[in-house]
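These are the structures, in structure tokens.
Shared chain: subunit A. Partners: subunit B in the first complex, subunit C in the second.
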Partner chain A sequence: MGEVLVLVLRSRRFMIGAILFLAVLCFGVIGPRVTDRNPFQMVGGLFNPPSEKAILGTDNLGRDVFTQLMYGTGTSLLIGFVAGVVATGIGVTIGAVAGFKGGLVDELLMGITNVLITIPAIVVLILLSIAIRSRSAVVMGVIIGITSWPWTARAVRAQTSSLRTREHVDLARISGYTTAELIVKEILPYMFSYIFMAFILQFSAGITNEATLSMLGLGPYQTVSLGVMLHWALLWEAVRTGAWWAFLPPVVFLAVASFSLMLINAGLDEVFNPRLRKS
Partner chain B sequence: MAFFLAVSLNFFLPRLIPGNPVKVLVSQMATGGVQSDALARIYDNYMREFGLDQPLHIQFLRYFANLFRGDLGTSFMLYPGKVSNLIREALPWTVALQVPTILVGWIIGNVLGAACAYKGGKFDAIAFTSALAVSNIPYYCLAIILLYALAVSNPIFPVGGGYSFGSYPELSLSFLLDALHHYTLPFLSLTVVAIGGQAIGMREMALYELTTDYVHYSKALGLSDKKVIRYVFRNAMLPQITGLAISFGTMMGGALVTETVFSYPGIGSLLFTAIRQTDYPLIQGCTLIITVAVLLANFLVDIAYGFIDPRIRAAQLGER
Partner chain C sequence: MVLANALNNSKKQRQPLLQVENLTKVFGSGKNEVIAVDDVSFEIYPGEIISLLGESGSGKTTTARMILRLSQPTRGRILFKGKDIQAMKGVDYWRQVQAIFQDPFSSFNSFYSVHSFLSKAFRLKGNHVSKSQQRAMMEEAMKKVGLNAEELLFKRPHELSGGQRQRLMIARALLISPELLIADEPTSMIDASSRVGILNMLMDLSRNLGMSIMFITHDIGLAYYTSDRLLIMNKGRIVERGPSVEVVENPTDEYTRRLLADVPTLSKRWAL
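Our next item is the complex of A and B:
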């Protein structure tokens, strides 16, 4: 463990990614708690340029962009996080069970997974989103999570079925472990690094998916997210009228959030996969 | 199988929405001060027109039957416009944007990725990190930045649309040039992201191939670098073709939103309006066409794979 930590800290990609991500996280989590402004409160007119009263100007309804940005970043990260947890949870469960059990269970679970992979997730996301009336941030995270697990499931299955034949698993089996115990205690710990990396990827994809849905007008209700801000900016022609303060900040934050997660992932990849570590 | 499931989802999910879309439609008319019994008649008429007076399983069968005749129903928003006509108008624009983007992005991305893996060092560090950056910021982020930089603050390209106001689609040189001028920015923003994604995948595959025995062997034999990299490239290529099929689904979402950024007259913009107007038949039509397109693309790649991979080709011809 100590050795891994040293490698992680030495990885430049990981460190840059982690610092960027922590900065975004602090902004989105602490920001809304210290500001006394409400993201829906009007503080000026239509697309006021940045001024002392509003550091990043105002949006189409005269609301403070900077306040929205803090709340929006928080919401987007929350949705991405929930999506990541749900997707990784379902994916690991299905993948581990299929890989460990093998046979008919495997065929069935992987059959379902492969069918779901071919249906574009964005379509299911759109249909689910219009079917669900009250979309809170958490509900949206869950919806995104349930549509993006198949990749994780497939990869986890491949890993599990190769781990299954190891001796320590056989030993535990003779000692009378149940299937669930075997998977949790003897299989999953060996894939921990892999699962964690899958979670980071799903987290990042969750943030992007939220933005895609929100920009199409299927965002969470009564909350601001980065995607919702972009949706308003597009609908009110902020780009064409040159109101850069209304769309550039959410774009930059989206980009930084997902890019920093990818850097973390690439850094971890170098650590756990010695082949990628070049002298 | 996947197709059937997709169609079923497409049918049932929107029907889970509480409330009756026809009621909403009729109540929108009611603001015009129409008499109530007239309203009731309009309501009945619409219910029959959209087939909503039938039990669910009949609706489903009918939906299926209509699909095979290419009938996707009637749009709420542009009543009595047919959904299939709206889609037919939008589809060529989307195809014209997506197919070249994917192909160009794939080819350049693969060459770049292989070069990264082979050269290593500084070139790799710079190219890989920038590929990581562009491929992971969402498509439309780049689109918005490009639109702002090259159309709004420096008006080199038009701010949106598929062609200029006042002109209409026809087969003339001036129209084509005009359309191409509008096409540049959406094309550029999609291609750059696609290049990044493919380059990362190719780099990883090529790195793996470079450590294999045949590479060491050919190097030990003293083969030229050029020859070795050609072998590596061809071997790393195969998984990349599968990767191409996989990326269709994910690329679709980003491409749809990119269209709305540029108000490009394709399926994405149509879907955007449909969602805003809660036009369920039109939304269903769009999602269906997207699904079909992705499944079709997957199918084509599978066939192409059979031709390209000599092992499969041999198996199919009954050799070996």
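Our next item is the complex of A and C:
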């Protein structure tokens, strides 16, 4: 474990990704606690350009964009995180059970997975977010999570069905392990690096999915997220009126957040891929 | 010979430990159907060492997996002390029937230390052995197989040699002390110099604990060296069976003769 840590810290991609991500995280988590402004509080007029009073100007209702950006980043990260946890959890569970059990269970679970893959996720997302009344940030994350697990499930299934034929699994079985114990103790540790990387990717996808949904007006109520900011900017034609401060900052933050996670993922790939380890 | 006959007679009167009856395993269906094990029947008696011999693909490992309940038979049944093993509770069965696998490298989960590998054995005992007792038993078992517990107990599998790992497998079997041990190619992947040591250790185990051992192997030399009886398997069927000496000296089946002819000897040069 210590050896892996050294390799991780030595990976330049991972370090740059981690620093960028930590910066975004601090901005979104610490920011709202430090500022005395409320993201819904009016501080100026319609689309005021950046000034001393509001360093990133104001939005369509005269609210401070910089404050919204801090709150919005926090919300977006929370939604992405919840989506990542839910998607990885469902994907790993379904993939591991299908791959380990094989036979009819496998056919059934993979059938469901493949059907879900063929349906465009955005359609399911829109339908789900219309159907569900409550629309808090956490609920948004769950909605996004339960539409994005199928690829993880397929990959985990493939790895599990190759790992389950190993002799230490047989040995554990004749030591009286239950199926759940076999999966958790004998199979999953070998996939830990993969699962962690899948989670990072799901986290990143969750952030961008939130932006997509919210921009369409299906975002969380009574909170600001980066996607919700884009929605307002779009509705009030910030692009056409040249109010760049209303839409550019959330776009940049979205890009940096998902780019930093991609970098972390690429860095971990270097570390966990044994063929690259020797150099 | 008289002794062998007497031994055979006494075995006939005893109740077999394990009975395999018309065991068949079919993989796939339709055009892809493969009959891996075809109507195989045999018995193992208490304290006996037998070998199931055959080349790769003969169905010997599939037979072993079915005996270990790692795979379901398509037809036929396996009785342990007269009871169908499918009807027994897994833990109860595995307390009495255990295995040593072929590959000492993939038999170990590389995330766990030797200590936690061995402590798994206690699960079968219902976990009523205290931690300090467990530790003492582990150390004793390791000592019996010639391993230094102090040095090795908290090592990870990748720090051990193939021979050490296979010895640990035997130590695990010692801790469980089953009545039947299935040894699937226990020496095929370790150094030639450790082989005889491992085999002798297993034979001592059988002698001292009255444990039956079934070797699954392709190595007729190993089988002859260790076993009371041989079962020769070819294409899923048992083609020849009998006491080791008889099978090796007077093989009746064509396949057995070929198998014997392939054994390299030191005294005879191969005509290549």
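Going forward, the second predicted complex is superposed on the first by the 273 of 279 C-alpha atoms of A that agree within 3 Å, B and C clash if a C-alpha of one lies under 4 Å from a C-alpha of the other, contacts with A are read in each partner's own complex, and residues count from 1 in each chain.
Please note the rule applied: a contact is a pair of C-beta atoms (placed from the backbone, for glycine too) under 8 Å apart; a residue touches a chain by one contact, two chains touch by 3 or more.
All values derive from a computational prediction rather than experimental measurement.
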| field | Room on subunit A for both subunit B and subunit C (clash or fit) | value | fit
| task | Pick one for A:Glu167: touches subunit B only (first), subunit C only (second), both, or neither. | result | second
| field | Which of subunit B and subunit C A:Gly176 touches, first, second, both or neither | value | second
| query | Which touches a greater number of subunit A residues, subunit B or subunit C? | reply | B
| message | I'd like to know which partner A:Glu186 touches here: subunit B for first, subunit C for second, both or neither. | response | second
| Taking the superposition as given, does A:Lys53 touch the first partner, subunit B, the second, subunit C, both, or neither? | neither
| task | Pick one for A:Val123: touches subunit B only (first), subunit C only (second), both, or neither. | result | first
| request: If you've got the overlay open, could you tell me the nearest Cα approach between subunit B and subunit C in whole angstrom? | output: 17
| note | The answer for subunit A against subunit C in the complex is residues 166-168, 170-177, 185-186, 189-190
| query | In their shared complex, at which residues does subunit B touch subunit A? | reply | 1-2, 5-6, 9-10, 13-14, 16-18, 120, 129, 132-133, 136-138, 140-141, 144-145, 147-148, 152-153, 159-160, 207-208, 211, 246, 248-250, 252-254, 256-257, 260-261, 271-272, 275-276, 278, 280, 283, 287, 290-291, 294-295, 298
| note | Per the touch rule, the subunit A residues reaching subunit B in their complex are 13, 115, 117-128, 130-131, 133, 204, 208-209, 211-212, 215-218, 230, 234, 239-240, 242, 244, 247-248, 251, 254-255, 258-259, 261-263, 266, 275-276, 278
| request: Would you pull the subunit C residues touching subunit A in the complex into a rising list? | output: 65, 68-70, 90-91, 94, 98-99, 101-103, 106-109, 111, 120-121, 123-124
